[in-house]
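You will see two complexes here that share chain A, one where it goes with chain B and one where it goes with chain C.
Right after this comes the complex of A and B.
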């Protein structure tokens, strides 16, 4: 089953959160999400405070997130915070530390507490 | 003489030692940096265990205390647990009790007032100070997301700060500390990025962690007042060169520098044997004779005044 609906829900949650829209208004980034076990590739694009999602390869990637489908699914649906799999080495993130931190903060602001 | 050592993840260039007097006792304190090297800090802590009266943990917070809720930074816990006999403290107990009161003392002493705009570069590590500013009606921006994560989102109310803390801190406390705060040589670097300088320009008072302040320091600080601590002579020269009017440190200036709260906390523990989780802690801190220090940097004399010690 494709993960696209999960990423679409994630984008929708970001876009409906006024605080996140303001935080991300100057954050233009392309994030690629790869499942290491299924070999599938998805993307999130942040621009002008809004986030879009899609499937397949994209150019000019700023942040790359890799992990098993189960973990990726759990992280982007709010069942698991990214910190735990990241610290355990089950979630590999390539890119600038600031962008990684921002992605963490976005997930926590959507699902934290 | 009792001995206190502060093991810091900060730069070795800020190492120093001196003697302080607390509760009528002379206490030798020394600060030993490890340039951000966690392993070195762990070795140092194990070596010092049972050799000194109290150990301060510098350049890292073990506890972030927000509205009575305590969040423990995992990396700091690992460090503190290297010493099993000698108490290890991080300064959060002094910050929680003392910094709230310092702001109120400064208002009572008519040094600051709620007509002034405040930029608190980091509020989650000094919630007491943030609480005092918001409660007293100062228009205050908490810049935690701006200065530690480069997310241009100013927090402007105590309620929002508390909400952010509840959502972010339980997970962020598990992150590698280097992702949250500059350590080692990184502390000495100054950013040439002026993106956030407007927050300084709009503020009358800049407060909070000095490493964040210095990292983002704009060229012009004329007419402004900074409230912070852990400043050295060199820092004072830098601030004077940038035109700062008044520097207030929440802890006393001794031997040319204001000590980190972890040093003060370790000295209090060494002198009294009272630990921060003891119910006597608040009164113990308030009875330690702490006082803020004021340095007027815009006068040619550079005259230093000090607030009255508490008793």
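Right after this comes the complex of A and C.
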């Protein structure tokens, strides 16, 4: 099953949160999410406080998130905070730490502690 | 796939050198020279630096294997287990608090020397509160300024030391090769000069070229060895008798004045301030984010994951500054700054030993995982260097001017508290959180 619906729900949750929209208004980033076991590639694009999602490769990536499908699914559906698999080495990231922290804050604001 | 905003080799060098160059290093140079017996201090710094090159290759392999900002937390978790990883990471992160406290002490001594009317403890409190305020508002020193400061410090130390050595009079040549009775402690404490060079590894995710980190670390180690080696030698010219070395708490200001007069004094005061501010800036950011990450992982109280209006983990930040302030004031009241140097050198020596163990274990546990950089001499040379660091770390912890090994007792007490937390308190906290989650889930299901 594709992960796109999960990322679409994630983007919807971000866009319906006023605090998040305000926080992300000047945060323009392209995030690529890659499942290491399935080799699938998805993306999230943040622009003017709004987040969109999609499938397939994109140019000019700011943050690349890699992990097994199960973990990616758990992180973007709120079952697990990104920090847990990240600190275990199961979620690898390529990009700036500030952006990674922002992604973690987004999940914190959507799903709480 | 193109990736934007990547860091360069220059940043790897300046970050590695900058994080290793704390203001407390000035006082560490005095202690190392004292134990070495004077001008032979270069031997101690060369030997400890040579050993650290091997350790740098371990960090380079680990960083390439798991490039992560959580660095040691990830490597120890993969190589050992979760509980041990947590104990090691927490103790290691606390060394940041030691360095911040030590730098606050050094900076306060320097400011007090320039403005004697204001007592040192007022400087310590005011400076740390100022740094806390700036950090709480999300104000950070730009990376570029940090880079410039690191290079400026190393050039300044080299120039000032060269002028002092040129002015002379130099000690007889044989004294440069005379090994004092404390040479082993001197080598052990020499590790402290390089402490922090490996803190560039948490930035691994931000480099597009994985070779930048090992190259940057090696170049930084060379620059640190030259600058602080020359500075230590210059100190032995200013204080020809080793017994006199420990008589000052502002060796860098004295060296500046000796080399360039009043201009040198004020320039070194400025350099001390920027160096300490860089330490505060980098140290507080790294440590507060680490505490935040552990709170998000639910291994520290969840209050530490709270963010203020500037998206800063304020509780974590305040806790670290308060701990640093308490420690700095204790050091100021007792004058026992050497305890922090010895404890820092000890913990880092043990962490360098651990890096050897992790490289060997992970080669066995995960042999097929990609390693962009492979450490040299695995397993035998790595194991021998690991044992040497174990001995050096232990020696640093037991180095003391009094009969009581305060550094050892301090670290032992700290490790014990952390261990009790991880094995006794944490399972209870996690258990309660699990019950609460289950209750919430069942309430949601009933609704």
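Quick note on the criterion: the second predicted complex is superposed on the first by the 112 of 113 C-alpha atoms of A that agree within 3 Å, B and C clash if a C-alpha of one lies under 4 Å from a C-alpha of the other, contacts with A are read in each partner's own complex, and residues count from 1 in each chain.
One rule holds in what follows: a residue touches a chain if its C-beta (ideal position, glycine included) is under 8 Å from a C-beta of that chain, and two chains touch if they have at least 3 such contacts.
Given the structure is predicted, the values throughout are model-derived calculations rather than measurements.
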Fit or clash - chain C, chain B, common chain A: clash
Partner chain(s) touched by A:81 [first = chain B, second = chain C, both, neither]: both
When both partners are placed on the shared chain, which of chain B and chain C touches more of chain A: C
Touched partner set for A:62, first chain B, second chain C, both or neither: second
Touched partner set for A:95, first chain B, second chain C, both or neither: second
First (chain B), second (chain C), both or neither touched by A:105: both
Touching partner for A:26 - first (chain B), second (chain C), both, neither: first
Partner chain(s) touched by A:39 [first = chain B, second = chain C, both, neither]: neither
Intersection of the chain A residues that touch chain B with those that touch chain C: 23, 81, 83-84, 87, 97, 100-102, 104-105, 108, 113
List of chain A residues in touch with chain C within their complex: 23, 32, 57-62, 64, 81, 83-84, 86-89, 92-97, 100-102, 104-105, 108, 113
In the complex, chain C residues that touch chain A: 1-5, 66-70, 73-75, 77-78, 82, 202-203, 205-206, 289, 293-294, 296-297, 302, 305, 307, 311
Residues on chain A engaged by chain B in the complex (per definition of touch): 19, 22-23, 25-27, 81, 83-84, 87, 97-98, 100-102, 104-105, 108-109, 112-113
Residue ranges of chain B in contact with chain A within the complex: 145, 149-153, 164, 166-168, 170-172, 174-176, 179
